[in-house]
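Per-chain residue numbering starts at 1, and chain names A, B, C and D are given in the order in which the chains are listed.
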Amino acid sequence: MPAILAPILALLSAAGALAGARGLRLLGFPLFGLAGLAAILSGLGHLLDPTPWSLVLPMGLPWLHWHLRLDTLGGVLFLLIGLVTLAVALYGPGYVREFEHGRSRPEALALFGGLFLAGMLLVVLADDAFAFMVAWELMSLSSYFLVTYRHDQAANRRAGFLYLLMAHIGGLSILLGFAVLAAFAGGFDFAAMRAAEVPLAWRTIAFSLAFLGFGMKAGLVPLHAWLPEAHPVAPSHVSALMSGVMLKVAVYGFVRMTFDLVGGVHWGWGVAVLITGSVSALLGVLYALMQHDLKRLLAYHSVENIGIVFIGLGLALVFFGTGHPVLGALGLVAALYHTLNHALFKALLFLGAGAVLHATHERDMEHMGGLLKAMPWTGGFFLVGCIAIAALPPFNGFVSEWLTFQAALQAWVLDSGVLRVLLPVSAAMLALTGALAAACFVKVYGVAFLGLPRGRHVRKAREVGLGMRLGQGLLALACLAFGILPTVVAGLLAGVPRQLMGTGLPEAGAQGWLWLTPISPATASYAAPLVVLGLALAWAIAALWLRRGEVREVSRCEPWDCGFSRPGPGMQYTATAFAQPIRRVFGMLFQIDEGMRGEQGRQRFHLQVGDRFWGWLYLPVERLVNAAARRVTFLQAGRLRAYLGWSLGTLLVLLWVAA
Amino acid sequence: MQLALVVAGAPLLAGWVKSVKARLQNRRGPGPLQPYRDLRKLFMKQVLVADSASIVFRAAPYVVFTSTLLATAAVPLAVRDLPTAPVADIMVVVGLLALGRFFLALAGMDVGTAFGGMGASREMLISALAEPATLMAIFTLTMSAHSTNLSTVVGFQLTQGLVLHPSYLFALMGLVLVAVAETGRIPVDNPATHLELTMVHEAMILEYSGRHLALMEWAAWLKLTLYGVLIANVFFPWGIGETTDPGAFGIGLAVIVAKLALLGLALAVSETVLAKMRLFRVPQYLNLAFLFALLGMLSFLILEVAA
Amino acid sequence: MTWLWLCVFTPALGGLALALVRSLRWAGWINLGVSTLSFSAALALAVQVAADGGFTRGGFVVDAFNVYLVVLTSFVALTTGIFSRPYMAHLCHEGRLTRRRMRLYHAMYQGFMFTMLLALTTDNLGILWIAVEGATLSTVLLVSLYRTPGAVEAAWKYFILCGVGIAMALFGTLLVYFAAQRVIPDPEAGLSWTHLHALAHQLQPGVMGVAFVFLLVGYGTKVGLVPLHNWLPDAHSEGPTPVSAVLSGLLLNVALYAVVRLKMLTDASLAGAGGAQLTGHLMMGFGLASFLVAGLFLHRQRDIKRLFSYSSIEHMGLMTFAFGIGGPLATFGALLHMLVHSLTKSAIFVTVGHAAHIAGTQSLARIRGLIHTQPGVGWGLLLGVAAIAGFPPFGLFTSEFLLLSATMDTWPWLAPTLLMGLAVAFAGLFRQIHPVVYGHAPEGQRAVTANMIPVGLHLLLVLVLGLYIPALLTQWLDQATRLIAGTGVL
Amino acid sequence: MNLTQLSLPEQAIFVLAALVLLVSFILLSQTRLTAAIHAFAWQGALVAVVAALVGWVGADAHLYLSAGLTLALKALLIPWMLHRLVRRLDMDAEREALVHPALVALTGTLLVVFAYWLVLPLERLAVTDTRNLLAISLATVLMGFWMLVVRAQAVAQVLGFMSIENGLFLGAVAATRGMPLVVELGVAFDVLVAMILFGVFFFQIRESIDSLDTDRLDRLAETEEEA
């Protein structure tokens, strides 16, 4: 089906704004869902048959119309966007109902939500720099309006400003990257850029600009600061779209630009990407561990996962650059696989967080607890999300990290000793990241959903409506499916490197759909279905065998707790306490302000864990600009004669120059 | 078949270690078969569940047990090429163990007692720090064997015969340290203590009783055995059966039992001479492990890859 | 030709008539009527030109370059008139203005339009000068209309700086005439731009070089190039809002138009002597300086109208830079930028007028929560700022995109500077506007009767231009580009 | 060229032009307003006479017209208006202290030199034989500009502005035998309007800062906006 349908439907859903406050629910979201469906269909279509679809719209510049094109890579993104959008469309109506009577009315949500989706889809479709940039900035701008939707808190305004500013800077750097390519290609359409012969130096410049721009959008350390500010403050279904999809669009842009347009990759780029990715992954998860605002924590995890994706991309670049196309393809597939997975489970988690927010109006985990009993469905889906993002079998997160490991483990084929060391070390960092992520989600789930309720709101929590549960259920199901059928998915994804670089993964599915053997059966194999089967069997046996006899029934009693008195909610381990050992161990990475406040008797412990990069990068830049601004004011001291002096001086100097 | 053996044998190893320890501390401790009695007793007992506990609490034991079980299934015990081997390579094994740990920790936090949370928090810290070391050690092996399938690795070892790899030495040391940490033995954790502030593993299963407790304990012993077998068979594979015919199988079985007995002895000795360390010494301990593993990797890349 | 006369001289007559009309209500409507007439005449003229090309007759020249500016000017005059009728009437009721001053305002408003259109269409450089000077004279009293100390001061500075600057331009014109005398015997034709352009290659390079410097300094003062810009923020911030709108939207454009016309002459004559780059380099230098400095100034503003006047300086700098680069792409971009910038900027000033009216102040620190008080104004301001900051799909992005690619082709190492400047300016603009639009509105802040039609119209046009440039406009711009840069883009 | 070859009126032209320059020096350093206004009137008259003589030498009629125009405007009307204003603002006795008179004058001479250096290459091209006046006129323009820079007093600034106009007109006459008539009329009209507006502004400034010292108009500045 024609890919253009999806963005058109998205634009139509923006028209839901016209239908008043209830337009979003009754008109916006259904069209949203249709757009998602269309995207899924056309995406799958292009994964199955790789012949690109293309179209030229008579828009934009007179001599440069909008070129649209959808190939396999675009197909992956369409599939991804579609899945999340569909879930959001199911989830949204229930979620936004309460806004209809709030101060900030939902028309803005409908309008900019639709534009946002259309922007993302068009970015994927764009086949010339101009259309790409228009769609790109449309995406940024509309998402900015979504971030500032709840603008009565000053924090949200700050977040929105920071977000828009960094998005703009990133966009400019991307634009410059395109301009570099266009200067050699003699045109702004991607076809010309692909064809162009660009010397390595300029290729590297273009790559660096793209890395900067897309990295800024994707939230790589140290350009991540906007992400944990902006994502949490948007309405949750929007956070799901931003964290789940928009970051992926940035990844798409990077892949498109680096592998497709710039071409002729150099392994040095791979090293840069690899290191940045590893650092982002590790710092992302460490900062996430320190958070106790649920959505903020999830946002930091986006930094982590994007880091993992870029580790994969870095591996791909290294292998392609050193002439091992198959391994490069493996790295690329691993990265794309993780992109897909992260979209699914991060959207799932954000929707879950939204459901909790909806039910308890509470974002701070320190006030949650025992939600599993109150909201079994949400709790169950959230657990799936946690297991998936913690990269535990048999869910999808594990598969992509496994593939990344497999790629990293092939370092021995490389000639350069440095790379041989670098790859395993980054893999080790990946391992550490994974384990910390597991720790973090034990904390999240244990504190939020298990134990005893810590707050009044939470005690009164109710399960959310059917639509919201369906939305989460869809994503949870997808997580499981992508985890159990890795061979199929990897096979589909392998089409991307085949189209971009000319090599796929010949071995991946060679042993049949049951076995995932990325390089060769002898090297490594993973049969997810069998693992699941084994788990199920073992469980069944154990359960049946143990449940026999007279000791079947379970009797309840109050917890023993080493014989201490009955534990109250206050005695539970808090999120902060849970993270304390890790805070101690990695203390140097955080800006910790910790101590006792208040006078004798009524002292309170207070703890502030900040992001070091503010002090390292952002504030200095701001200071610099302000200083420069103060400098130039001498031009305008307010005295007319001084102004006249400037004019006369200018005149004389110019005359002297001219004559 | 072999899986059943492992499952059956696991408590024996634990018991063996216990009794040896007792001897070393010249006490007359319980015999090596004590764990079986414990299990029987627990299975007979009725299950008490804290009223604040949720479904996760009750499901956890099964998940922990089954995931550990599955992990064990992938490790060659007496014979090399198991039919189950290619299902899961070493990293899947690690992943399965992590899954078990994940639920263990969740169960710890479920009841909402202070100790549960404490145990979970510490357990996750230790495991997180142990992970890279484990992976590094494994990478060293797998990179020399060009494979992450355990049977392939073992086979590689056998075929190349007795070669002294400096890298293996480091990897071995690293892996041993990690194994000690992962299985919750002294000096990282003390399976015997119920002293509130020092518990890690015990703190998490504090609220369990009856068959749940039995499964938890059993899973822990399985894990111990698994690491034992891993170390034994990957680094000293000699004697393991090449084929599945009963003869080879028997020999392999005898050999592995002997190896495990030795390992258990070593463990017991170390536990007697060492004292448990503070929690915040553990990171340094695990850094040491990571250092070993990294050295192994480096020495592999520097000294051996040319070969 | 008749259309031209109608378009140019209606405002003159209207101005005279309005000087006599006493009734306020009528004055407002007459003002509108005159503008409408002139605008429709301009449209007719444009269609005619599109049909059968430009012409030079009776001391007037109409070609692709100025016809679209004529349409733009009369259009902005009309929409600003729509806005100003109720707005000024309201000021009069508030008692900030006496009836006499209202008459002055209306008369001068049309007078200003007359000078603008005359300057755009005349063929005679001398008359061009007179018209631009006339523009100063007609607006200087409007700037001081409120008679507040600030207004008087601003007006005085505006008067002296521009007067002196323009005087330099006259000397430049004189030198051009001086150079012309050797090639054009007829003294009457010696200042005719068409004649000069025809024979430009024979003009004495030395003289033309010096002449261009005088002209650049002269008209550049009116364009607001740093460091000649100092009058601009004062005049914009102290004058009534409609005046700021037309100053920013039209006057700067016309001044730049004059500079470009004369650049064409100078280039042609310098081309022979090899030093053809002189004008380009001068303009690039001025443009870049203004662009960067103004961007920095944005960060320190406290007055909302001052803020946007600096943004005008920034954009004029950008255009000057583009014209300085020359070449079809940059020229096309600059022409487009002139169009979209004046549309956007006048829309913004109209919105700002409403905003200041709502909050009862121009101080950025005290205008808060517009979106809550009056969503129309709030969104208008927000979108306008997004447009002026060069966000697609608004038209300014298109022109900046072209400009950037042109820079990349010719002066690659200037491109990063350009982008840095854009980022700085953007940050400065948004950090000021963000709290103004969002957040809680102060107590007792009421919505006012605001006529957002002009704003909506302008922004819509800019939006459309960002997505799709109609063929007619493309044709004009391309012809203009051919005229200026020699070759077109199509 | 040497003057001996020139006819008497031509020599007279040069003399008068030199006087124009001299007057602008006087303007520069003259601190009493009324005296300055007189000096300006003389400058206007001189320029007018120069124009007339050039017209007589070159025998073209329209220069007479513009000469008359200048005489009426610059030598009579504007000075008279200024006088009235000064009297109505009772500032006859007003005198303004110059900061460094010597330095100011010295810079003035440097400007003259600069003007000469700049114009020298251009003069060879002139068709008229009174081309050397171009340097003088440019010098006058720059001097007027310089006067605006050094004098803070509003009236003095107006005088500077007007003397720039004088210089321009002199240049027009000298280099090109005047501009096309329509232009000159337009310019004259603009100057007149400008003068009227100046008059209006004197009062506005006066009532806003009860003085005409423009240095005190420094409310609108960037530097004070310490955020």
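In the analysis below, a contact is a pair of C-beta atoms (placed from the backbone, for glycine too) under 8 Å apart; a residue touches a chain by one contact, two chains touch by 3 or more.
Computed from a predicted model, the values in this text were never measured in an experiment.
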| item | value |
| --- | --- |
| Third chains touching both chain C and chain A | D |
| Of all other chains, the one whose Cα centre sits farthest from chain D | B |
| Selected interface, A-B versus C-D, where C-beta contact pairs are more numerous | A-B |
| Inter-chain centre distance, chain C versus chain D - centres from mean C-alpha coordinates, in Å | 31 |
| CA centroid of chain B to CA centroid of chain D, Å | 100 |
| Length of the line joining the C-alpha centres of chain B and chain C, rounded to whole Å | 78 |
| Rounded Å distance between chain A and chain B, as computed from the means of their C-alpha atoms | 35 |
| Residue numbers of chain C (touch at least two other chains) | 156-157, 160, 164, 168, 206, 210, 233, 297, 300 |
| In chain D, residues with contacts to at least two other chains | 118, 121, 145, 148, 157, 214, 217, 219-220, 222, 225 |
| Touching pairs - complete list by chain label | A-B, A-C, A-D, C-D |
| Complex contact set, residues of chain A against chain C | 58-63, 103, 130, 133-134, 137-138, 141, 148, 151-152, 154, 157, 160-161, 164-165, 168-169, 172-173, 175-176, 179-180, 182-183, 188, 625-626, 628-633, 635-636, 640, 643-644, 646-647, 650-651, 654-655, 657-659 |
| Interfacial residue positions of chain A with respect to chain D in the complex | 633-641, 644-645, 647-648, 651-652, 655, 659 |
| Residue numbers on chain D that touch chain C, as the complex places them | 118, 121-122, 125-127, 134, 138, 141, 145, 148, 154, 157, 161, 164-165, 167-168, 171-172, 175-177, 179-180, 182-183, 186-187, 189-190, 193-194, 197-198, 200-201, 204-205, 208-209, 214, 217, 219-220, 222, 225, 227 |
| Contact footprint of chain A on chain D as seen in their complex | 114, 117-118, 121, 142, 145-146, 148-150, 152, 157, 214-215, 217-225 |
| Chain C - residues contacting chain D, complex | 124, 126-127, 129-130, 133-134, 137, 140-141, 144, 147-150, 152-157, 159-160, 163-164, 167-168, 170-171, 174-175, 177-179, 181-182, 187-188, 190-191, 204, 206-207, 210, 233-234, 237-238, 297, 300-302 |
